[in-house]
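Think of it as A, B, C and D in the order they're written, each chain with its own count starting at 1.
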Amino acid sequence: MIGIEDEKFIRGKVPMTKQEIRILTIAKAQICATDYVVDIGAGTGSLSIESAKIAEHGYVFAIDKNPEAIDLITQNAEKFSVDNIIIINSEAPDALRQVPRIDIALIGGSGGRIVEILNAIDEKLKTGGRIVANFITIQSLAAMLDWLKKSENYIYDAMQIQINKLQNVGGYSMSQALNPVHIVTAKKFPQKKSPNIIKLPVDSQESKSNISSVAVNR
Amino acid sequence: MIGIEDEKFIRGKVPMTKQEIRILTIAKAQICATDYVVDIGAGTGSLSIESAKIAEHGYVFAIDKNPEAIDLITQNAEKFSVDNIIIINSEAPDALRQVPRIDIALIGGSGGRIVEILNAIDEKLKTGGRIVANFITIQSLAAMLDWLKKSENYIYDAMQIQINKLQNVGGYSMSQALNPVHIVTAKKFPQKKSPNIIKLPVDSQESKSNISSVAVNR
Amino acid sequence: MIGIEDEKFIRGKVPMTKQEIRILTIAKAQICATDYVVDIGAGTGSLSIESAKIAEHGYVFAIDKNPEAIDLITQNAEKFSVDNIIIINSEAPDALRQVPRIDIALIGGSGGRIVEILNAIDEKLKTGGRIVANFITIQSLAAMLDWLKKSENYIYDAMQIQINKLQNVGGYSMSQALNPVHIVTAKKFPQKKSPNIIKLPVDSQESKSNISSVAVNR
Amino acid sequence: MIGIEDEKFIRGKVPMTKQEIRILTIAKAQICATDYVVDIGAGTGSLSIESAKIAEHGYVFAIDKNPEAIDLITQNAEKFSVDNIIIINSEAPDALRQVPRIDIALIGGSGGRIVEILNAIDEKLKTGGRIVANFITIQSLAAMLDWLKKSENYIYDAMQIQINKLQNVGGYSMSQALNPVHIVTAKKFPQKKSPNIIKLPVDSQESKSNISSVAVNR
């Protein structure tokens, strides 16, 4: 079951995706047991750990440029007895070169390079795969929406989530606002082909190799 | 014009109604130039000062039990050159005994005694007058909604306001949530009379004295 | 994986818990494979179906007074090939008499009888069990918060969730607000005992039998 | 006093700025009695009328391309006995050519041409003047934030406002969400001059003429 409580994670000064946003992000990703998942801007590893528990026969590639984050992910993976996380201490989009073809891409943080990251993900993401991204800035959100609009092979939905916790203060329930987050969920469909292209006979590897070469040539 | 910026007020550790909530509260109150206004839980006096500038030929009675608040109201009244605020260092509802009949009651804080405060306000509030209350707890909000439902001579509207400020962080606009506030606006109408009561001839003072005696007997 | 899309459910005029609220409700409930779950005000059965898929070796008791809802739950259970839902066409709290001891209670709708429903749930809920309730009215929310405060054996958290969908309108992303929902999650702990009670030696079954008798005697 | 109730305006199918957003927009604009105000995408004229009542010795230029809107503005101006609104049935930014130098620009709708509109406003807006814009799309908001970042002579603040009305349904207070709106408030400062420019002696008209020529030459 997803939904580990925030307090259960070992946390440093690294920002962490809050429980409710994490739950929605993981649920929107619709991860399967054999999936390969990449977690970009993994931070404390909270999204990686929840993903790794679902993708129990797959792998999670947790990418973060910050060595402190790498430490925390390592500690949390150990704490939650998760052994299918591959930790990559490098920056996206470059770090994505080290990753095989993936089913799911989670974006917790993009460091202002969202378009490059999306291009790099697109090269690795299988048809039918999903990207789920969290945004705390208008600019990165707008950039992803723009990228999706230009792209021909994603359908997506986007939403803002705002949580107000009710704190018990002397018997009164007082609203405490958490900062709102946007979640964008994009599903990759087979690339549209122009209708007048002649389809030559190909070997059984066709669909797979075709897609990867298209991706490489973009 | 209403809408003094938060930074312009002299502030201590006393909580202050934020600019946007203040603007909406004052606008909902529809204060006139000759109005008598009471501000309960006046805090730094921000609502009192905005009210006093509109009720330029009336008075604002600023009530707060906290001596630190009284100090701040005094300083802010001086800073904004407002001379029609009467400051009462006492606790509501008792402090309301010192106040004449009023046109507008603002409730910034109720210290858990909202029902008693509403009863005391009701005794002082003229027909056609308004109560505008800000709530940060579910319990006090629910108590006022309940009081209004039982009362026969108020119409009201209620709403929650949530503000997310966009902070500029390195060229990116990042949402920063403020805690949500509920604003309840109630307008007092002439008391309904039961239809089967025999109306005896009365002097011209009837409606007024009738209402105040009812109020006294509640 | 939780998070069935809203469109996938067969829906009538019966209100349905929206996907994001459903995801959070189910995740907060932390349902296990062998759990007995009761879903009060089951509506279209969306919470029941997501629960039944997790509690695959347990049962979900879906309660609704509305025959139209019963129809929809039946149809949706069939559509999603779920065979561990027991549908009860009756009104809570009375309907709860027909239910065995439970691990999880979900409250989607309380029809203004939240306190009676909570009392009835409390009699059936095992120690360590959870109640997760969704509220769309201030009064029912306040009543549950009040009930929890008086109760001695629950810890809880409460929050408001607001979702704004970004609709694509001619290439522009326009916010469309969904009505906010409060989610209250309460976990039942062993009842506090008064400190001056003499503890007699008991067999290893003590804590369990003790608690169940307490529950019965309430 | 600002804050006319929504129901008081004559409304067609033209979208109208809701009362609370209108109150905040007008308050943020800090309009003075002698100000020249332009209202772009005036719709029903609700912002124009509230502005015209404050700028009683100034003028409001209400711009809308939609003839239905022009009709409604005319009717509403008559209803509220406001005679200082000049109605321009044309599209911004072109319509701004017909407008004199202004103190305040309100943007209720930008029809996807926000950057051109901001450039045209900038040519007309006096130093110390204000732009207050309402946004319902991420893209137009992002475009204005970007424009402001590039500009050297505005300081601004931006925020999202979300209102949930509490509807009384059978004695229960049910939240009904309004779509959130972003409000951006920008204040124009004198243009920065590069520090190594030799300042020649000039007449007392210097700062004013300098700025206007800069504006014309942009």
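Heads up, the rule we're going with is that a contact is a pair of C-beta atoms (placed from the backbone, for glycine too) under 8 Å apart; a residue touches a chain by one contact, two chains touch by 3 or more.
Remember, it's a predicted structure, so these values are computed and weren't measured experimentally.
Contact with both chain A and chain B is made by C, D. A centroid comparison over C-alpha atoms places D as the chain most distant from chain C. When the interfaces B-D and C-D are ranked by C-beta pairs in contact, the top one is B-D.
Centres computed as Cα averages put chain A at a distance of 39 Å from chain D. Chain centres here are Cα averages; for chain B and chain D they lie 30 Å apart. One inter-chain figure worth recording: chain C and chain D are separated by 48 Å, centre to centre, where each centre is the mean of the chain's CA atoms. Multi-chain contact residues of chain A, defined as those touching 2 or more other chains: 138-139, 145, 160, 162, 164, 166, 171, 173, 175, 180.
Residue ranges on chain B touching chain C, taken from their complex, read 138-139, 141-142, 145-146, 160, 162, 180. Every residue of chain D that touches chain B in the complex is listed here, in rising order: 1-3, 20, 23-24, 27-28, 30-32, 54, 145, 149, 157-166, 171, 173, 175, 182. The part of chain B that touches chain A in the complex is made up of residues 112, 136-140, 162, 164, 166, 169, 171-180.
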